[in-house]
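One structure, as structure tokens, below. Some questions next.
Chain lettering (A, B, C, D, E and F) follows the sequence in which the chains are written, and residue indices restart at 1 in each chain.
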Amino acid sequence: ESDRKETRIPLLPDSAVRLIEAGARIRIETGLGSDLGWSDEEYREAGVEVVSDRTQLLSEADIVFRVRKPDAAEIDRYRKGSLHIGFLDPFDERALLRKFSEAGVDAIAMEMIPRTTRAQKMDALSSQANLGGYVGVILAAGMSKKIFPMMTTPSGTIAPARVFVIGAGVAGLQAIATAKRLGAIVEAYDTRPVVEEQVRSLGGRFVKFDIGETGETEQGYARELTEEQLARQRESMAKHCEKSDVVITTAQVFGKKAPRIVTAEMVKRMKPGSLLVDLAVESGGNVEGSRLDEVVDVNGVRIIGFSNLPGKAPLNASQMYSNNLTGLILEFWDKEEKRFQMNLEDEILNGCVVVHEGEIRHEMFR
Amino acid sequence: MIEAINWFYILAAFLFALGLKQLSSPATARRGNLLSATAMLIAVGVTLFDQQIIDFRWILGGVLLGATIGLLAARLVAMTAMPEMVALLNGFGGVASLLVGWGEYVNIMDLGSFVAVATFLAVLIGGVTFSGSLIAWAKLRDFWIGNFGIGKPILFRGQQVFNSMLLLAILISGVMFALDPVQGYTPFLIVIALALLLGIMAVIPIGGADMPVVISLLNSYSGLAACAAGFVIQNNILIVAGSMVGAAGLILTSIMCKAMNRSLSNVLFSGFGSVVTAGSDRVEGEVKPISASDSYLLLEASSSVVFVPGYGLAVAQAQHAVRELSDLLENNGCEVRFAIHPVAGRMPGHMNVLLAEADVPYDQLVEMDDINPSMDSVDVCVVIGANDVVNPAAKEDEASPIYGMPIIEVERARTVIVMKRSMATGFAGIENPLFYKSNTRMLFGDAKKSLQALVAEFKQ
Amino acid sequence: MTIDTVSLALIFMLSILLGFELISKVPSTLHTPLMSGANAISGITLVGALILAGGSESWLGSVLGFLAVTFATINVVGGYLVTNRMFSMFKEKKREDHDRSH
Amino acid sequence: ESDRKETRIPLLPDSAVRLIEAGARIRIETGLGSDLGWSDEEYREAGVEVVSDRTQLLSEADIVFRVRKPDAAEIDRYRKGSLHIGFLDPFDERALLRKFSEAGVDAIAMEMIPRTTRAQKMDALSSQANLGGYVGVILAAGMSKKIFPMMTTPSGTIAPARVFVIGAGVAGLQAIATAKRLGAIVEAYDTRPVVEEQVRSLGGRFVKFDIGETGETEQGYARELTEEQLARQRESMAKHCEKSDVVITTAQVFGKKAPRIVTAEMVKRMKPGSLLVDLAVESGGNVEGSRLDEVVDVNGVRIIGFSNLPGKAPLNASQMYSNNLTGLILEFWDKEEKRFQMNLEDEILNGCVVVHEGEIRHEMFR
Amino acid sequence: MIEAINWFYILAAFLFALGLKQLSSPATARRGNLLSATAMLIAVGVTLFDQQIIDFRWILGGVLLGATIGLLAARLVAMTAMPEMVALLNGFGGVASLLVGWGEYVNIMDLGSFVAVATFLAVLIGGVTFSGSLIAWAKLRDFWIGNFGIGKPILFRGQQVFNSMLLLAILISGVMFALDPVQGYTPFLIVIALALLLGIMAVIPIGGADMPVVISLLNSYSGLAACAAGFVIQNNILIVAGSMVGAAGLILTSIMCKAMNRSLSNVLFSGFGSVVTAGSDRVEGEVKPISASDSYLLLEASSSVVFVPGYGLAVAQAQHAVRELSDLLENNGCEVRFAIHPVAGRMPGHMNVLLAEADVPYDQLVEMDDINPSMDSVDVCVVIGANDVVNPAAKEDEASPIYGMPIIEVERARTVIVMKRSMATGFAGIENPLFYKSNTRMLFGDAKKSLQALVAEFKQ
Amino acid sequence: MTIDTVSLALIFMLSILLGFELISKVPSTLHTPLMSGANAISGITLVGALILAGGSESWLGSVLGFLAVTFATINVVGGYLVTNRMFSMFKEKKREDHDRSH
């Protein structure tokens, strides 16, 4: 039961088999997986019904899988009482939530899956950020005028590239690992001090600035910094950016706009030819001057603001997302009744169900 | 004449020492055995020229009979029955020492006190060795064939009290004999009888699976018995060879204990323990640290090892070290796998990055779901800086915050070695009951250092 | 003919120390053969048995000596042969491994 | 003394310093290094004269450094008796060589530098192929729908990508190393059996087909295969391509058109979504259907035929090329007379000077 | 009484053995020294109760005088002069044994032949130790201070013939003395004189830099001298302690030789050699293989090591092993660098890929042009599977096809260890004269295996 | 009072073997201290010197004994003290290293 719009898809035949074994009936829009190499035929073999009429699909489904948020208009076509699961960007899309509640459609925002140990198999934010970190580095390596590894050759020695990763969460760590693999000298910065050990465990150098007390919330997200801290941070940051060939920023604060970390002035001080990859561009960007889906050139320094980086490895992104959704469904699947159990007492569902029975129930969005 | 004999004895002693040394290394072991056999030939050969020997009939008879039996036994015994055979032979060595002590006493009667003590020891140790070895032999047969009922530990109430009494009785008889050997024939015979009884009592409470250790210990005893006999007849070669074997046997015994992850006292007295405090440690348990060299002995003797890496592997940057250890284990004929938990580390694929860096072949990496079913047949599971992902509370304790998370069920392996620096908790901040399980050993310290120490042990 | 006990004690002490030093690390495959080899050496008591059996004047002493010689000989002969058999088993195994690798 | 046309440049300020120390006078076209971050100012500091008039430059220079071959028209502007050094593609550009001889301009083809141990510092073919191999993999990683490394994650296990490198010369080996670094399973194939050990030394698997006797020429280039060998090779090749996610081809035969190794039929049998990178595209391509500077999509299999891959890491490519030229000049520099010694007895110059004193002297092109 | 004394001697012997063992491990060395001092105290203390001792005046005088001198010497000597001090003390020990032998002879005169031989040995070894140690001491002072001219090897024509004559003379005098000790006082005195001369002759041809090895050897001798003295006065403790030290000293000597990359005979007779065949091996030279454990001794004692990786490192996939070895060396206080030749391997940057995989810090990588100037001060240069890039023919031999290629000039390091599997050539297919240089040692075998063996040695 | 020579020989042989086994691997920093420590032990000849000096009836014997005692005592006292000084030097060095790392 699904549909789609972008390179990623929310359900793979493998996952479909698992759901069907558990007793679900699944229908997909025709051509869902064809771009990624799964024909409708393969889905049919897995036991999935392939339907060409999207309206019919939506109006008959109990649960709708989706990667991105739907058009407001489409929500009307949903059956009342059905459940929509996907990324909803709930902090910025209050209107959409209202639309869901008006249409009487329940909605689960994948962003809101709590980051507990038990919920990790459904944690799509992590799984996608992870790929994002990898793709970000590959992108940077492809666009950089320098190669990443060191090479001692008869035609001279090539110094390794310096990569500076700002924000060492899931995406940042994967970026560190990937850049390190390619042989770059990797430095990383994060406000949470616990990350230091993690960075070092991947062979990166952790950069410390003295900016006073910081911390993380219970769920492992970073707390927002004070204005003074940000100022001090910027000071030292500029120096590190200056000597780096590639700067990758991944800093985000849950539910807020991404912090502006690299200012225009810092960009100006960087070497011409160097690169900035802003992985936080979708939530506002860490780099001043970064623009969504564009490459901005500032005196020879390029700022890359591509969105949806996980979508550049669509096969794996879809695979992981599909597993996340399946994990979520199966965790709350009632095998007897063969239906999804909307158990709002449960910590996980309590965290991620934003709209229920015509009401925006999640306290953050009321 | 006697001086010439003694010079040959010195040569024999030298060869024994050399042979024993060579026996303990694979490359030279065979040669070592031949050397020591040569030494034995020399020692026995020159003894025949001893002036004390006046009558060769008994000797000839004994040697012929013994050699025939020994030859047949060594030829006919099945390869699988070797350990039993060793037990039996060892018992014979013990009884021979006993008989030498006895005979010398019978011949001289009026022993000096030093010689009397030596005689007492020769008889005591020889007797214990003899009856103990016979029981060990019986237990092993049962263990392999399983129709005798003696293979299992035999325990009864008051066993400890009885044994203490027995020891006391032996001591008293011994003192009576030593104080006045001429009058002490009765206490002497009592010592013999009680020694035989003691050997039986000491071995019956021990299970058949532990017999190799027991045999090794008895082997050390028979050396000491020979040494005591040497003191009785004031003979150098007996003292040297006997005490050397006694000491070496003791070392070997402790090596074998460690390879089974047991302490010697645990082996010898576990039977008693199981009557008194059975099951009590199942509930709480205690942390049992292990040293790198003991871990080596465990790993060296195992044929299936699973490594479970966690965040600690990354922190310690121990990927290359574990790769090297795994290579060594494979060369040692051991099957090695790496079980990767999906959330091990701090980033998806964290372990993959590290193990790929160390070039661990992809086909050695096993996923959690694939390793768990075969965990029971794993000899040793080495947990390297993992904690939450091997926490049985996730399966067992509904109150645990990680309840329901699938884990790698390492506790089902025969032995678990956990490498971490302290008893600290992992990411989830919860206690790990694994560390208190009876089959878990903690190898404390930085994971890289521990692994490197193990690698070093493997290369001596 | 008694050598003084002090020398014997010194010899004893040195031998014990030597025994401890000689063996330090033994691979598990060698545990049983080493045990068996050491066991054969402890049959050295045969030397004592010989002296007893050949030198006793009493009937009892001779019988004891005879028994001692018999048992000790079994230990020595059996011990060395069994040990040797174990080693030849190793060799075969190795050759097999070798053959297989071709 | 130089000029240019493409992303790479033939002289860096560092190299200029070395030449000037040896007694050369150097002039460059204005703006030569600006794209790569070296201003005219930096060149001036190194002692280089910056001139804006290309015609003047060419007509006054003794030696002209260049990356690519010049227009035929431009050769007329050269001073008679001057020396041109650069890639000339002499096997395909006989006309150009004739032009040089007519204009009385000497020419060194960098392709023709012999592959002796002593000549390695001038071996631009190697230095550029090396970068090409790296860039090829980065490009493939960027365009692949799968990520390269294996990842065991709570959202499922991602299998490592399979990369198949055909032709393990300088470029191929670097491709193997780079793909391996990224965590892919790397297989490689080459006709020269000595390469097997080299592939394994980089952690790759060497694939052997039974195709009978092959070999290498004295200089380490591959000998051409017979038609029958090629057929047998193709058979087994197809199977390996089929299971690979990325195929990178680098096979070349010196002075000949690149062998056609991956046929259209093989391409058809590959998994949709997989990639082919043809590094030999400039000399005709190893992959049937590859087109210069284009991405060709055949049933979801993309064939990438970008030319000038080293130019995608222009900074390092220029650095190495500049070092190669400098190495060449200094090897034959007469310190007393401060001029280049055209010693045609020398093995190296004998190999690479194609046009001398109005005559195409190299036997391969006469 | 004498029996009680002997029991204490046994205790002392035990403590000596323990002390010596502990002395050889850094963690326990200090304790070992104390143990052995305690043993000495016991042995000396109980000796005073010996019935043979009837007059304490000489003893008191000697002990007081000796203790004072010993105390002052130990206190006042500069830390840098310790080795000389040891030489001197050792000489005194030797002469004491000589004197004991002499005195015993003077007292008894009519020696049994066994005791006579022992006396001869005690005097001979003691004498050689004494004069040899004095010369060693003098050479060391010269070596450090440099005003005496004795530090350098002293050689003259006919030295070898002279020494042979000397030995013969000693032997003849010895036989004369031993055959009839009562009449043999003159030959005995001749032995003493010649022994002293022999000690001098043996040490003068050896250079001051080799003195530590010589002292260690003389130290072993002085143990043997004490042992011989023990046989003279039929004393257990002298025999045990003396021979134990003698054996241990011999082992230590060979360990020290290996750490200097010399054989013992090379040290002792190098002086002679240099007269006869000087310079001849400079031209051609021979291949000198080295074992992993000897390489360990070399590396362990060096403070600056440069690794030169080549294609063989890649083939052997030895990058992790070399990284581990480099870490161990660094922990040992050694400066470690990797010198990368631009064309090492088979692909530009080949070595970089490997070393980055093993996470060798970038700042340890040094380019050819930067390492060559400082090569002279490198203790050991380890060439790992490199060949062409370290081939001095590129510099020296105009006919060589690689003439003119810049190379890493490893041959200028103090010692070069080359790891490769055979004498096979590299890519360029040409012979490498490096392998025949006098300071080159070949560690044959797969580079990874060799490196791992070295790592294992480092961890014992 | 002569102990029989054979026992002495046996004791000698065992001690030699023990001496060989006791020392196997010595880090280079311990070479000199170990040498010095062993040297001190070889001063055991002092025991012989004492017996000689205290038991001689001739004047020459006594003088020789006196000299022997003197030299041997220097060896023993000096040897142990020098060895000990070397070890205390180590300790200081270590402490320095330690201090520097703070």
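We adopt the following convention: a contact is a pair of C-beta atoms (placed from the backbone, for glycine too) under 8 Å apart; a residue touches a chain by one contact, two chains touch by 3 or more.
Note that the structure is a prediction, hence the values are computed from the model and not measured.
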Practice prompt. Find the chain most remote from chain E, comparing centres computed as mean CA coordinates.
Written response: A
Worksheet item: Which of the two pairs, B-D or B-C, is linked by more C-beta contacts?
Response: B-C
Discussion item. Shared numbers divided by all numbers used: is that above or below half for chain A and chain D, i.e. same or different?
Written reply: same
Discussion item. For chain D versus chain E, what separation do you get between their C-alpha means, in angstrom?
Written reply: 57
Worksheet entry | Centre-of-Cα separation between chain F and chain E, whole angstrom | 18
Worksheet entry | Approximate Å spacing (C-alpha centroids) for the pair chain C, chain E | 38
Discussion item. Residues touching two or more other chains, restricted to chain E: which are they?
Written reply: 13, 17, 21, 236, 240, 317, 342-343, 348-349, 353, 357, 359, 460
Worksheet item: On chain A, where are the residues touching two or more other chains?
Response: 120-121, 126-127, 130, 149, 151, 153-155, 158, 181, 183, 203
Fill in: Per-residue multi-chain contacts in chain F, two or more chains
3-5, 7, 10-11, 14-15, 17-18, 21-22
Worksheet entry | In contact (per the touch rule at the top): chain pairs | A-B, A-D, A-E, B-C, B-D, B-E, B-F, C-E, C-F, D-E, E-F
Fill in: In the complex with chain D, residue positions of chain A that touch it
36-37, 120-121, 123-124, 126-127, 130-131, 134-135, 138-139, 141-142, 144-147, 149, 151, 153-156, 158, 178, 181-183, 271-273, 300, 312-316, 319-321, 323-324, 327
Worksheet item: What does chain E use to touch chain A in their complex?
Response: 340-344, 348-349, 351-353, 356, 359, 362, 365, 367
Worksheet, complete the sentence: In their shared complex, chain B is touched by residues of chain F numbered 4-7, 9-10, 13-14, 17, 21
Worksheet item: Across the complex, what residues on chain C touch chain F?
Response: 3-4, 7, 10-11, 14-15, 17-18, 21-22
Response to the item:
Listed in rising order, chain E residues that touch chain D in their complex are 311, 314-315, 317, 342-343, 345-350, 353, 357, 388, 401-405, 427-428
